[in-house]
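Listed next: structures, encoded as structure tokens.
Here chain A shows up in two complexes: once beside chain B, once beside chain C.
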Partner chain A sequence: MNVCVFIPTAAEPWPENATLYQPLKEDQILLSDCASSLAVQAYLRMCGLPVQVVCRANAEYMSPSGKIPFIHVGNQVVSELGPIVQFTKAKGHSLSDGLDDVQRAEMKAYMELVNNMLLTAELFIQWCDDATAAEISRPRYSSPYSWPLNNILAYQKQWEVRRKMNAIGWGGKTLEQVYEDVSQCCQALSQRLGTQPYFFSKQPTELDALVFGHLFTIITTRLTSGELAERIKGFSNLLSFCRRIEQTYFEDKTKNTKLSKFV
Partner chain B sequence: MAAALELRCWGGDWGLPSVHSESLVVLAYSKFSGAKLTVCPIDWTWKTITASVPELLCGDAVVQEPAQILHFLRKQRFNADYELTARQGADTMAYIALLEEKLRPALLHTFWVDAENYSNLTRPWFASRSPFPLNFVVPSRQASAALSRILVTKGEAPLHRISEVEGKIYSDAKECLNLLSYRLGKTKYFFGNSPSSLDAFVFGFLAPLFKATLPSSTLQSHLKQLDNLTHFCDNILAVYFSAQNPNGRQPARQPSAQNPQS
Partner chain C sequence: SVTSLDSIPMHGRDLTVHPDDLMEPPEQVNDSKQEILENKDVVVQHVNIQGLGRTKEDLLGYEISDVFHSKNLIDVMRKAHIARQRLLRLGIFKQVEVLIDTSEGTDALPNGLDVTFEVTEVKRLTGSYNTMVGNNEGSMVLGLKLPNTFGRAEKLTFQFSYGTKETSYGLSFFKPQPGNFERNLTLNLYKVTGQFPWSSLKETDKGMSAELNFPLGVTNHTLKWEGVWRELGCLARSASFAVREESGHSLKSALSHTVSIDSRNSAIFPSRGALLQINQELAGYTGGDASFLKEDFELQVNRRLFWDSVLSASLWGGMLYPIGGQSSSIADRFYLGGPTSVRGFGMYSIGPQSEGDYLGGEAYWAGGLHLYTPLPFRPGRGGFGDLFRTHFFLNAGNLCNLNYGDGPQAHLQKLAECIRWSYGAGIVLRLGNIARLELNYCVPMGVQSGDRCTGTRAGHYNSKLL
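Take a look at the complex of A and B:
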């Protein structure tokens, strides 16, 4: 039973006061959550659906599934990109209607690749690499809380993530192997993208939003080591893909695009 | 060229060379790529509890996990993917990720967590293939590993109990099967006329689900409705694992699909 179940209300239009919740941007949010949030924001902008981004320290606990981000639309709360895509589809907004069955299968497969490789790698680097966990992840994750709650919550989250990594067989990996996996994933994405503007020719789909969210966040986030960002910057078509989406859908945010100094 | 290749895996039943998905992936790939493997089933040995299955031994090298083993075989020049374009290689990675994320949890559940299937099929099978006293230990250890894997990866709060997760993982798995069916279409293999590593992975995951005599499985009935996937499995069994061809090493270049039996 999917907790994000909703009653399709196609009759109700998208309200003006739809909000997206995420953790505090400056101090608290981590790489993986920032990537997921940016993916959802990109998707909603591609659909032309307005949404306000609100930062809350307890966003993770407010979310119905415990995952970031979640959106509050009318009287419904939906979290994670997959259910949000289904939700907007029920309201009549979809980016992948023009795809045939085989293309849709491909799109879903590539989205799983991104979740399986990129998101898992982000979580690994954040929580299983001791240097990053100690210098960045634990302090940031627990910044809104006072002692001793901050320590307890940070270590609890770290333990949860490490348990998950062990369950899927990533527990024994080294950082170098994880970087290599990310490179292979980016190579697959780069080859699939080729010279097209978007993954499925001329129109963006949720896959483009997801890839943009992750790649852009990795490139523009400062970690203990810049190796991950460097590996991605090695793929020029992915860089120009990110820049294109940033300019097309996010240009009102910053005049000088953040990516301009990398291309 | 290379030292002798030896594969440790679980034995076969139900018309399959091995009942274990990951072992089946490696066996299928070795047939597709023409690698001659000596298959050493770990049934009835103490390796049922000590070995991590599947395991490839080549000289001094020991390789585990299907993806690593396939990578090793490719480095030894047993490559079933050499005809694929770069884009098809990328598609392979994506579809394998889809199988891992969407299908594997439901397969684990069907065989190891579902009470009826586990007590009537899986546990007796694995217990009968393990030496005393491991027959008391091996099946339950694998079952609890499967349950914890499902809960840890899919059962995030507030879905703490397995009954709540079940609905989600089965609907994801059925969708995954549908997507594979759309992608395969009417072709014999996923990429053209000769099988590749993606075919090996799909075969490895689907064949046990298709062939096992499960007392109760909605997922199996769903799979049996998808004719092109069932024909895909039967075709590979007939061409590469038939009785007339037990050590059948089909060279990768020949269009073996046309003349399966000599």
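Take a look at the complex of A and C:
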């Protein structure tokens, strides 16, 4: 008779010096990257995992997938919220363990919605709207570099994003249509949230982190037009949702971006 | 420095056969006749060039004017030979023949001579295909050349190189000063992609440069401005974080100056003479992100000893000084190790490293002492055996980063500690004047933790094709 004994190897504990990398906060980072970074920071705080935020001008190029943010934990480098959630799960930390299969599928669907709608809308407004691109996105994106490299990189990025927008069918949309799409997305989120504190009753999940990251960043960022922020502020339960997460998980952060300043 | 990061050499090895190799020296005239000819006064009345197509005549006047000053026949022959060499070195003629004849015509003097150079111009467009092998990598090079583009020995070249570690293409325009061929201007436009597995790094350079060459006494000077857009990235997912931190784009705009004195009789296998080359580069004062001052030098001395053996000593070193508080980039630092510097160690695998990726250093020195002797057995003088030489060597070097706050005393001390060195012997095969293949048995010493040696500590064989 054979006896097979399986001894699970203990996962490495979360180190003290885990670091999250993003572009320069003051001069360089754009709305979409800031939202993604804040989502990951919120998620890690909800898990109780300490992480230090480091700003680097070349964060986008350091990232293994080319996307912001990425975390450096031990000697591993993981980028984007999805893989980071998997990574923390492998280390034994998870926010969605308490969900059943139906809820988990629903959570994934809503996360897809946020990525396909909110994130794409942010990218569209940043790079496909000529006014925003010229006044905000290109100057900020190219700020760490000297002439003529700054212009080359900024236009290269703009061309790349516009090409992607055309590929997914957003190329022909107007700004108004995009604002409408954002409103509809927020409508769906607002309905799902209802009067609950978090999307799945009492405990936050990665969906809460993702929604918070995007909505909070949109509301607190000054763009050429305040239209987008206004659309979101129309949903009061989403506003109080953002405030709640900010107060619960980010009370130690600098007061400058406190929600109350922008509402 | 990492040689493959330089712009592609537009005036690199020329693998064609030079007409001079085939030319016979002027005939020896026997003594009595020589006396007669020497004593006979001549006057060179006309110097003509026949066979010109697109070449502008004013360019050639400088090269042949000296022939007019000949006093006697031997003088004419000698000066004509020199003028022929000068015409050939312009690179615009396939062939130059000299005809010396007595003057004819109404104004002909009794002792007058006419010298005629019959030239064949090179074609307007030539293509070439070469393979280059060196330092464990190989590449094929396709070239398109428009020699003598506008008639004054200008040259427009397009080169495409595809290799195991590097892909590059470039456009180059060369313009010499009429009458002063050694003073010339070269404009380059290039894109080079390189892979550096010892650092887990890949680099793409897109740039342009303008280079002015001129001799000054016995020295040769080069002044160059270069603007490069560099993109660094990790070669593999497993690259160390230190290399990952260097990823991204940067712009380097640098002025450099090189002075060199070369009295060696060959670049590949010198048996006498010396070389001194000093190079400095200042980046950041003409724009760009990178800001540093870089100095490096190379010294080589060769001396023939007893029995056809040659002793060769070389020393090279350099220092990189970042300006403005920012740290240096991995693309600007020096690298050490391998068959061209310290044998016995892996290619560029000495010095500061992180998780197995070599990061380069801001200061280095390297030295070598070589003794080349003919093989113990001599299969036949001038025959096949002449291509082989035995080779005993001693290499040493060090690569590190300096703390610029400390004084020069501390710097020298840092460079003197932890010296890596190696000794050994081997056989060197000479392939014409263009390549050499070495097979060495080598013992690395002074190995520091982090360095990579090739083979076991006891010794190894390495081969190097230059």
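Basically, the second predicted complex is superposed on the first by the 246 of 263 C-alpha atoms of A that agree within 3 Å, B and C clash if a C-alpha of one lies under 4 Å from a C-alpha of the other, contacts with A are read in each partner's own complex, and residues count from 1 in each chain.
Here is the rule we use: a contact is a pair of C-beta atoms (placed from the backbone, for glycine too) under 8 Å apart; a residue touches a chain by one contact, two chains touch by 3 or more.
What you see is a predicted model; the values in this text were computed from it and never measured.
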item	value
Room on chain A for both chain B and chain C (clash or fit)	fit
C-alpha centroid angle, chain C to chain B via chain A, nearest 10°	100
Touched partner set for A:N75, first chain B, second chain C, both or neither	second
Partner chain in contact with A:K164 - chain B first, chain C second, else both or neither	first
Winner by number of chain A residues touched, once chain B and chain C are compared	B
Touching partner for A:W147 - first (chain B), second (chain C), both, neither	second
Minimum C-alpha separation between chain B and chain C after superposing on chain A, in Å	10
Residues of chain A that lie at the interface with chain B and also at the interface with chain C	64
In the complex, chain A residues that touch chain C	56-58, 60-62, 64, 72, 75, 77, 145-149, 152-153
List of chain B residues in touch with chain A within their complex	65, 86-87, 89-91, 93-95, 97-98, 100-102, 148-149, 152-153, 156-159, 164, 167-168, 175, 179-180, 182-183, 185
Contact set on chain A toward chain B in their complex	1-3, 64-67, 101-102, 104-106, 108-110, 112-113, 115-117, 163-164, 167-169, 184-185, 187-189, 191-192, 194
Complex contacts: residues of chain C adjacent to chain A	229, 232-234, 237, 241, 244-245, 247-251, 287-289, 355
